[in-house]
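Below: a set of structures, written as structure tokens.
Here come two complexes built around subunit A, the first alongside subunit B, the second alongside subunit C.
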Partner chain A sequence: MNMHTQPQRTPAETALIDAFGERLSLLPGDGAVMLKRDDAIEAIKHGLPTRRIESWHYTDLRRLLNAVPDFDPAAAVKAIAPIVEGSAVLAVLNGVSNTKVPAVEGVTVQRLTEKLIDGSIAPGLDPYGSDDAIGALNTAFVADGYFVDIADGAELDKPIELQNLQAGGQTHVRLPVRVGAGAKAIIVERQTGDGAALVSSVSQLVLGEGAEVTWLIVQEQPETATHLAQFKAHIGKNAKLTLFVMNAGGKLVRQEIMVKTTGEGADFKLRGINLLAGDTHSDVTMVLDHTVPHTTSTEVIRNVVTGKARGVFQGRINVHQYAQKTNAKMACNTLLLSDDGEFSTKPELEIFADDVVCGHGATVTEIDHDHLFYLMARGIDEKSARGLLVKAFVAEVIEELDDETIVEALEARLDDWFVAHG
Partner chain B sequence: MPAVQETIDRVRKIDVDQYKYGFQTEIAMDKAPKGLSEDIIRFISAKKDEPSWMLEWRLEAYRRWLTLDEPTWARVHYPKIDFQDIYFYAAPKSTPGPTSLSDVDPELLKVYEKLGIPLREQEILAGVQKTDASELEEASDNVYKSGRVAVDAVFDSVSVVTTFKKELAQAGVIFCSISEAIREHPELVKKYLGSVVPTSDNYYATLNSAVFTDGSFVFVPKGVRCPMELSTYFRMNEKNTGQFERTLIIAEEGAYVSYLEGCTAPQRDENQLHAAVVELVALDDAEIKYSTVQNWYPGDAEGKGGIYNFVTKRGDCRGDRSKISWTQVETGSAITWKYPSCILRGDDSSGEFYSIAVSNGYQQVDSGTKMIHLGKNTSSRIISKGIAAGFSQNTYRGQVSAHRKATNARNFTNCDSLLIGDQCGAHTVPYMEAKNSTAQFEHEATTSKISEDQKFYVMQRGIPEEEAIALIVNGFVKDVIQQLPMEFAVEAQKLIGISLEGSVG
Partner chain C sequence: MLEIKNLHARIVDDGTEIIRGLNLTVKAGEVAAIMGPNGSGKSTLSYILAGREDYEVTEGDILYNGQSILGMDPAERATSGIFLAFQYPMEIPGVATMEFLKVAMNEQRKARGEEPLKIPEFLKRVKEAAASLSMDMAMLKRPLNVGFSGGEKKRAEILQMKLLEPKLCVLDETDSGLDIDALKIVSDGVNALRAPDRAFLVITHYQRLLEHIVPDTVHVLYKGQVIKSGDKSLALDLEANGYAGVIGEAA
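And now, the complex of A and B:
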């Protein structure tokens, strides 16, 4: 253990370390879980990542995380309606899960506290790597969440909505989901609230053979919250995962997506829209590992940057040596609409197999003048014309999703954002 | 495409050993003691007969270097370099500044003859009588090959000869070794040296600033179009030496110059260090075209030996409407770490980067470019083609950034990788940073192997497999080859064929 790597701790680092000392007795789990927590806080003691850590190059967490709020057990959270009517809602209210959960056929739900206390979740608490600050932060402090198990062959007709709602303070939530062989499900992950909280949330998904899941992350934190989230998935043989991420809020946001194809025939689709406004910083970082032969993936990310917002997209596709016949494509398009905004992108390919087809494309541009002219020549004023074009740019990604109710629900969220941000 | 056939023939001729420049030459050398210290720097400076300001500049860089750590971010792996085990100065003994070719050690001339470097073109052009018919043929062949190219030949630490100096001087162009420039044109050197790559820039650039021994200096005055291609040929010969050359090219208002560098080294089991710095300055309306054919010894089939090529190259489009274009063909070196960059400072300036990086055996390449858009209406274009074979790792790392005030910055990037064999790796790491809403950046990258369809298409027309692959590879790199001066395009094509020998088919 080397305590001297960071010469001076930032107030945020000190606050986190102090908070750990104070919370220790309240955190569920002992033995194996406690050992993981100890390792995690040690990692934080070594300092939060700076831009010198390659994976944090554009999000210098040590500099950007300048205050950490205290835990606030008194904060009250307002319940919200699910985006799709009739969904089974599993809400985590300010870091605490409900004791009563709705019964859905083929689905077993357990409060995460219980899994922490009995220690059965311990193996899944390991961070992703030495630069996994979000994983470490969450492992150190995680107190609750839900463990969801969808039985083999179960086909859910309504979505499950996992809500993580905050009202200030700190919340550290974990949402592990196992989907059995051949099962089909739509899972919505809502991340919102109305406080200036520090939120860490880790979702872990394991897809069994032939399972098909659409997972939607809808992040609408207020412009005062710090949101550090992670989505990790293993896609088994012939399983399909469509992940949709809508990032539309938060003051400091980092959404990590770590996906691994673990069985032949696995398919991964990522569709993402990042709507950035105000004086905010939002980072979406994806690491996709193709570890076995014959797997496919496509990623489409659309970003809209307004105000003084700073946006980041990092996407790395790793094709391992034995992952022959991989087909992976990634596109990241950005509309930079204000002179004070900025966007940085780093689409990476890391390829160790030769019989593959991999590609990525990235663009950063403003609204096409020809398109604007076309609309304005038809009597539409500039503001409306711009609005139409920007909305079409992101709506295109949403419309690709098959399920009509989902498309409508997401478009409604999109409309809300446009109303709020002109 | 006759060049393709030539590639095949060349590849066939070479049985086991692919590297044809691996010979060593015994030449009496003047060396400084091994290692690095202020005394060694004083020694180098004294050997070069430098003014005191130059020595101070070097010492300052050295003191700075002592405070720096070796960079580790690149995707290259190698044992730690022992800087005290390197000769920082080695020069052929017989060169107290040769005035004509006849003063040059004949052994040295033989080296360049073997390498096919035309140092004797003065004779050829002056019509020196040849009695032997075959010699005549050879002579005319040389003329054809070299066109009219002025050459500065750098052997280990010093420049041995620079050709066509007189003719260039008539046009007002200064083309000489940097040591000579420091003595003869101190005002120009003082003004521009370190103005693009400051002494504190990075670990290897700082080291270079302290110990650079020679390199080329080009100054093209206002309104002059340099009448011929300029070229420098670097040869590392002596054991355990490092080569630290420094090149400075200045194109004044409206000037144009095209410059080419080539390099080779003998085959040795130990690794040798090459840390060069190249600075380009383009003023208003000036254009500099810089081409590199890098063919340092890449190491043997087991990855033993080879050159560590850690190079800092940067061009500064200082003037409005200036243009800098980098073209590189990278086939040699055990490890390559180089990012020829453009700082687009002047309004309406443009930068280009065309690269072919071929890696085979255990070579590691981490190369790319930086396009820093600072001025208004600047544009840049990046075309990078990586070919990885054997056990090699080939990385493209590039950065494109638009500053807040760089309105209408425009970039197009295309980097494609081709993988031959399943033990190699190809990686693409582009960084795009837009801080301006009028910036327009496009980036595309692909990685694939030669498709069976393409191969089948060519082969079913009666072309054997090896030839078919060479044809497809040449097609893959065509965009970049086209950017090279004609004389070198053919050479580069051959070089790629040779580098891939043993990996195709």
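And now, the complex of A and C:
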């Protein structure tokens, strides 16, 4: 949090502090949880982060968060069809989990409210360092979500889809998932809704030895919503995590990704596409810690910027002193399609080990005129040809996922975006 | 079919004039070869016909079936039946070749007022065309031209030409980068398309291609003008004696 004393609270800061006072009696949690909430709201009282805080330099939350809606417990919303047919859907509707959940062999699901009431989730509520505004906001207000436990050795043949569906107002959700040793799963995190909501959502993933998980975040908030999200993961020995992030909506979006490789042989892949349109601001900020020797990571982010959209990617890779033989590569490529759009990229490598291979690259380009000419010379009109090329730019990242049902599902989401914004 | 009248054109970026008063007429059913030394404007001519924006026509006109095409963009020219087989086809990562072929074929059909192709019919046509050019269908599962060898790219160009059924085919050094076997396959592909209502403009450095695709007329391009026209014997003469004699005559 910003430790400078703010001269005056913004309306958003005041609204959050007032809302906490009003909601306090309704928030679930034992003593330990309630103490964490108190600490969290204290942090917010010090002020939302501004551009003077390095990790928030490109997303001045204090300035950008200019309205905080009231809670709207009466708002109705229904679960939606999963992106992959046959998925086990766990929906959080307007911030509230379902009492009935689908039974999947090898998977135990608990409502997060219960874990807050019994206090077993309390240790996980600590914010991530002093600048963790999203963590603090979520800890202060989180009321529900799901805790998912995938048993050792379980191999799920269908994805689990976690839906966080807002209906306006505020929703604060937490989705902790533990994946046991040797287990395999595809997990889809859907973030959408139809209101001018303030959403905070924190996903926490722990991968046991040799576990393999593909986690897809599909964020399609309306252009009126503020979406503040975190994805935190620990990747154990010989475990593999592929995280795919698709940001295709929202007025103000910050998706934070904090990943630690905690066991030798751990592998992390981040693939992201940011489809930015309208007068919006979207920020993907990653902090990756290689904490042990012999771990690998690659990060590829592709951005399409149209309209007056502003985008940010911050990618920080910390290679700890003990983490020899780390291999880490990061790339961020942006297709800038309008004069009023902008994209800021900040790659950072902090390396304390001396025997590592690390690299990063960033490009900003326009549509390749030679490619455009080639397609048009085959009779494809300019608009369609541009569409094909833009789609190709991001589809490359999707096709890498190597699972046909997932690729098809994501391309369908992509097509939807192009229909709406093409 | 094609009438180029006193054409002058320059590079938009730096104003260099490349085409300087070019006249050329190609009739329906004709195969016209354009030959000429490096830098004479051969490739530029092909790009101008296809409508590339890097070149600007400053004088003269290009008539296709009696209509000027100068106001048409590349897509409009293509759907009106003009096809350029590129000397260096672009690799376009992320664009699936089959998807591209389907979109391109359906744009042609739309321009002719026809319904889009049904998928089985589309696949059948692509398979037949690929087989006739000894192309492996697996190649077409890749992104457009990505990882294709030089020869494979040229075959893919002819495949597109077959599928799009244009009326005016401009082949820009289609022989470059081809070995003898591939040259034969590509030439056979072109010859199979020869028809009374279709014309070809074959741009090449070498007589070699013209042994396979026998031209009706041969035109020598030099400094942006056609300086000599003749029949196929002109190409043999150039092969034997080089361009110097013809250039000397014209000067």
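Simple rule for what comes next: the second predicted complex is superposed on the first by the 418 of 422 C-alpha atoms of A that agree within 3 Å, B and C clash if a C-alpha of one lies under 4 Å from a C-alpha of the other, contacts with A are read in each partner's own complex, and residues count from 1 in each chain.
What we mean here is this: a contact is a pair of C-beta atoms (placed from the backbone, for glycine too) under 8 Å apart; a residue touches a chain by one contact, two chains touch by 3 or more.
What you see is a predicted model; the values in this text were computed from it and never measured.
**Student:** So, does A:342 touch the first partner subunit B, the second partner subunit C, both, or neither?
**Tutor:** first
**Student:** Could you let me know whether more residues of subunit A are touched by subunit B or by subunit C?
**Tutor:** B
**Student:** Which partner does A:381 reach: the first (subunit B), the second (subunit C), both, or neither?
**Tutor:** Touch partner of A:381: subunit C, not subunit B.
**Student:** In the superposed arrangement, which partner chain does A:412 touch: subunit B (first), subunit C (second), both, or neither?
**Tutor:** neither
**Student:** When the two structures are overlaid on chain A, which partner does A:350 contact: first (subunit B), second (subunit C), both, or neither?
**Tutor:** Touch partner of A:350: subunit B, not subunit C.
**Student:** So, does A:324 touch the first partner subunit B, the second partner subunit C, both, or neither?
**Tutor:** First partner only.
**Student:** Is A:35 contacted by the first partner subunit B, the second partner subunit C, both or neither?
**Tutor:** neither
**Student:** Just subunit B (first), just subunit C (second), both, or neither: which does A:67 touch?
**Tutor:** The answer is neither, since A:67 touches no partner chain.
**Student:** Just to be sure I read the superposition right, which of the two partners does A:370 touch: subunit B = first, subunit C = second, or both, or neither?
**Tutor:** second
**Student:** Between subunit B and subunit C, whom does A:79 touch in the aligned arrangement: first, second, both, or neither?
**Tutor:** It touches nothing on subunit B or subunit C.
**Student:** Provide the residue numbers of subunit B that touch subunit A in the complex, in ascending order.
**Tutor:** 73, 404, 417, 419-449
**Student:** Quick check on the complex: what are the subunit A residues that touch subunit B?
**Tutor:** Within the complex, subunit A touches subunit B at residues 54, 57, 321, 324, 334, 336-339, 341-366.
**Student:** Okay, in this complex, where on subunit C does subunit A touch?
**Tutor:** 50-53, 73-75, 77-79, 83-84, 86, 89-90, 92-95, 99-100, 103-104, 107-108, 111, 143, 160, 164
**Student:** Show which residues of subunit A lie in contact with subunit C when the two form their complex.
**Tutor:** My answer: residues 369-371, 373-382, 384-385, 388-389, 391-396, 399.
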